[in-house]
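Two complexes are shown next, each including subunit A; its partner changes from subunit B in the first to subunit C in the second.
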Partner chain A sequence: MRQCRIILKVTELNLGERRKRQLEQNSDVTFGNVRKSFGDLEVLKGISLEIRRGEFFSLLGPSGCGKTTLLRILAGFEFADSGEVKLRGQDVTQLPPNQRNVNTVFQNYALFPHMSIWDNVAFGLKMRKVAALEINSRVEKALETVEIASKARNKPAQLSGGQRQRVALARAIVNEPQVLLLDEPLSALDRKLRANLQVELMRLQSRLAMTFIFVTHDQEEALTMSDRLAVMNRGVIEQLGRPEEMYEHPANAYVAKFLGSSNTIAATVIAANRVKTAFGELETECDLPASGEVTLAIRPEKISLSRTQSSNLNTVAVKITDEIYSGAMDAYRVKTSDGTELEVSAMNIGEVMLDFETGETLYASFPTHKLILLEAHTKAEIT
Partner chain B sequence: MAFLYIPILVIVIFSFKNSKYGVDFQIAQPLFKWYGSLFENDQILNAAENTLIVGVISTFISTILGSLLGYGLHRYKFPGSRLFAWLMYIPVVTPDIVMAISLLLMYAALRNFLPIFEPSLFTMIIAHITFQISFVAIVVRSRLAGLDNALEEAARDLYADAWQAIRFIVLPLATPGILAGALLAFTLSIDDFVISYFTSGPTSGTLPIWIYTTVKRGITPDINALSTIIVLLTMIAVAASNLLQRNAKD
Partner chain C sequence: MIAKTNKPRAKKVTASNTVGGEVLNPIQVLARAALTAGPGVIWITVFLVIPSFILLAFSFLTRDDLGGVTRPFTPDNYVRFAGWDILGFDPVYLEILGRTVLVSLVTTLFCVLLAYPVAFFIAAHGPKGRNTWLTLVIVSSWTNLVIRTYAWMIVFSPGTPVTELARVVGLVKAGDGLYPSDFAVYWGMVNTYLPFMVLPLYTAVERVDWSLLEAAQDLYASKIQAFVQVLLPQTLPGLVAAIILTAIPALGMYVVPDLLGGAKVSLIGNSIAQQFGTSRDWPFGAAISFLVMGLTLLVLYLYARRAGEEGMRDLL
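Let's turn to the complex of A and B:
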């Protein structure tokens, strides 16, 4: 019996090992409980994260959340206080940056001002002692990939912001790194150029089938571009997942607020699928606790407004206090009878619905399946 | 401005005076006669040689040390690095006479064990390096402060080791600052009188020292001629130094 158990344990262990190895084969980057402090400030509080091969992964968060530090630890510019960093299964925690097969696109591009565009792009290959002929063909190809070949002889100062961005990209991808790190590379560009480069980056990534790790504080950018993203806050990952998953089902109030805007509603559970709020009872499909206080959320665009009360279910009378017109979207601030403020928005598709005026009384309805449960406090927790 | 430049102008004019003594003014015949006589005076040639030897060697060494100091203070933060950066300014603001006397005392103490510290060109070179280093370090550091730190990181990211990153990125970009620092150090060295006077030996007089000892016996036009040459050289060096720093900013 005892022998049996031991054998069982051994096979379990083997299975565990094998699975772990399999996972590592699919993952390009593994952070294992990475901690980092600057002085008294703990910037990373034990980050564990796996990034899969070939995915476009974003680290999203406000400034100071630790996303850039995490990226710099992966690049080798900072070293973790504890924990480990693996690149395709190889422990690189203590390796200097020049011995890691990753390349970075810097926020302000960091192009070498005293070198031509061509020399900038060739720098990494030269340092690796690649044969001159191969350098020529690879640099040319990289410059063509980012459509900047005509500027090869120019100095960085002669280029526009968008062009410098392309050069920075070429300088990194020419080395064919396992992972490309992008540190807010679009933040210095104007809105329109940024949108173009977003699309180009996504195309480039799928063409090269290279793992991209993209650091940004722009939630829209992260939602548009990523296969998966992690929302970070004060040195921890709040939630990790696919963009639509995170947007539709935020794990907590922080993520709900950070990814797009969101109305939060405090409520008390009164039945298996009913809650009581300050402005009336609502029915929901959320997995409610048996009793206690909960926080629900609903996206502004999920609430619909109308002049007539179409049904009694989840419909509340509201008064429009402000109207914010912003081209493609129309947003309203509304107030319920008890004074709760809500944000409601709708696409500008020329429907009658958009003709509401400030001061008008309307009916707002909350679709039962669009209410999100953010937090549930049991009674014990409250007292 | 007039107060600044009129004395210099007077020296230049008087270097073209015909008679050796007296205040009468007749244009020299030939025009550059006092300049010519400079090159026939062995004492002057010897002093000029000493000046150049001290200037070139001390500038060379202080540029290397000062650049390393400037880079170190720019790049690394260590306990006391701010105090260190502040201490760097001390030799710049210390009166020359204080530095001169302290060096003299130090050499006198060292001389007891090491005969090499007998007053000579060697002691003068050491003295010049002491005050030059700070100037070079300040100029180099201010140049480095204008560079993006990410450049060195970018080089490291692109597979350069620590030395290659300095060799191919930091050094070329810091060169205008280093050259400007070197020119400044050289100018300071050839102009210096107080510290040189206290640290030189009987055979190691420089041009400023020679002028001082000669002036005691009356100002002659050849001293004016020599002074004019020194002013001219200094002006060229300072202008070049400024030009380098300005170009670097673009």
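Let's turn to the complex of A and C:
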């Protein structure tokens, strides 16, 4: 999938075009105005969403935003209060989980402790009364796909977290579901293992050409892995799109802050391309309204710091209040003369001229095309 | 078996002379061992090991004319149990033993059938409800066994509402009581041992990972299939523990069959009580006791061999 996109960009192959059109035509999962409440708490406030066939789709949001509930409604563990859920055109809103052609990889893996790895993976096929010979070959293939075939005779308790994760994956994909649901499957693993499994999941997804719906609260994970993602907040979808769209053009302050970090700047429009902020005037390429208050945002890595003032355009004198060293990146907290705090980050490339100390006074410049105009209210606030 | 796995790997520094890094002389090691393990060892020696050896010794001795224990050493008691007596071959004790095993197993079976729903029922409640229901399960065993058994005798005697109901349904003839009968014996036994079955089963059911039910349904299992193939197997260790906790004490029960069965139903427990009591034949009573104990240990040993270390740990 992701490879396809790259090919498309570079050479504009017909194959890629066709694949892309195909993706857009075939919707695999459709949520139509899905609402769900638990007691007085409305966790889903009318979610409408289309997920395309064969895409890696992520639902991203903090805990309690409703992403897991949405996934559980698709799996059939919960039922929507109103609205409809369709799987390849078939209305499955009221169907029990065992009659839906979707499989879930659970956060805690939910492997059956009394069964061997082999029996765990074969469970779904046995339940569907697949012929024994076919079960054998499919289970073997699934175990090989996730590279855990050598542990087939072991019990889940004898496996490490990462290995259990692979088994959970094999147990789901062996059934060749229309849609694979992944409920924060990597959150229990350590960082290094998680990064490896991320890559493996992406490869697996493009090889199987299966629709993956991935629930996570980890923005980095969602940005890395997804073809498209939806950022959720208090039961609504704040924004939906491709990772680079979402990161470069967040719709509002919530998305801007949730996907990476962001500086938000309150400003007043004073001309077609100029705003006035607490620390001076800024020029921007955003489509500004004719007048009034606006909120602009800029990513920390897009502000550049220097000891000399190279130009007057969008350059502000700042003082470094904190320096946070984190290996590859240097993060700085800086303060403008009026006291506005900003976050700035820079690659740690080891150049003396870019190695700033706390207390130094520097010039921060805001590239005009890197300033983003945000919507004043989040969708959660409006609903 | 368990201690083996806990042994530190480093063999050169023997565990006995270093404790938490400090080096101790042998006397200190001994003193520490005596202080920690000592009380338990003394307790078990005085109340279990010594009496067992006395019992074992008695079982090879002979009853004297006044009901005391005297020499010569002889295996006669065991031969007598097997059925050979001065009067010839009559395997009456083997029959009693067989009947006892049967009663114990049937009691256990009824307990399992009753306790499973109860365990699931209790586990389905919140923490507060669980405590209430568990207390209700245990509370009946707070009454003294003999008193409780007498109470059942009254309940099952002729003319009581329960007996009248049984008469109307056609279970007993007019004028008869529900006791003494096999029914009353089983009723009393199940009543006695049900808590011992419910508690370990409840513990097992409470530990069941209910999210696996969803996983099973996600993998196309119906609710019943998910329950039978995924939830029930998880309770098996608890079930084995519960069966052992019920079946073994049930083997030795004598109050309930004695009272609720009238004189008709004699179990091995009654035989032992009789030998130590009215018959005043301690050596023979000791021999029966040892045989029952041996039988129990043999079954446990066979189970342990089959289930392995893991199974035994679940059990303990």
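We take it that the second predicted complex is superposed on the first by the 346 of 383 C-alpha atoms of A that agree within 3 Å, B and C clash if a C-alpha of one lies under 4 Å from a C-alpha of the other, contacts with A are read in each partner's own complex, and residues count from 1 in each chain.
Simple rule for what comes next: a contact is a pair of C-beta atoms (placed from the backbone, for glycine too) under 8 Å apart; a residue touches a chain by one contact, two chains touch by 3 or more.
Everything quoted here is computed from the prediction, not taken from an experiment.
**Student:** Look at where subunit B and subunit C land on subunit A after superposing the complexes, then choose clash or fit.
**Tutor:** clash
**Student:** Please work out whether A:N175 is in contact with subunit B alone, subunit C alone, both, or neither, and reply first, second, both or neither.
**Tutor:** both
**Student:** Under the stated touch criterion, which partner chain does A:P113 make contact with: subunit B (first), subunit C (second), both, or neither?
**Tutor:** A:P113: touches subunit B and subunit C.
**Student:** Who does A:S63 touch here: subunit B (first), subunit C (second), both, or neither?
**Tutor:** neither
**Student:** Between subunit B and subunit C, whom does A:S326 touch in the aligned arrangement: first, second, both, or neither?
**Tutor:** So A:S326 meets neither subunit B nor subunit C here.
**Student:** Once the structures are superposed on A, label A:T308 by its partner contacts, choosing first (subunit B), second (subunit C), both or neither.
**Tutor:** Touch partners of A:T308: none, neither subunit B nor subunit C.
**Student:** Of the stretches 60-68, 78-86 or 294-302, which one in subunit C hits subunit B?
**Tutor:** After superposing on chain A, the stretch of subunit C hitting subunit B is 60-68.
**Student:** What residues on subunit A does subunit C touch that subunit B touches too?
**Tutor:** 75-77, 96-98, 102-104, 106, 108, 110-114, 123-124, 127-128, 171, 175
**Student:** How about subunit B: which of its residues touch subunit A in the complex?
**Tutor:** 148, 150-151, 153-162, 164, 168-169, 172-173
**Student:** Of all residues in subunit C, which touch subunit A in the complex?
**Tutor:** It comes out as residues 209, 211-212, 214-222, 225, 230, 233-234, 236.
**Student:** Spell out the residues on subunit A that touch subunit C in their complex, using ranges where they run on.
**Tutor:** By the definition above, subunit A touches subunit C via 75-77, 96-99, 102-104, 106, 108, 110-114, 123-124, 127-128, 171, 175.
**Student:** Across the complex, what residues on subunit A touch subunit B?
**Tutor:** Its residues touching subunit B are 75-77, 96-98, 102-104, 106-108, 110-114, 123-124, 127-128, 171, 175.
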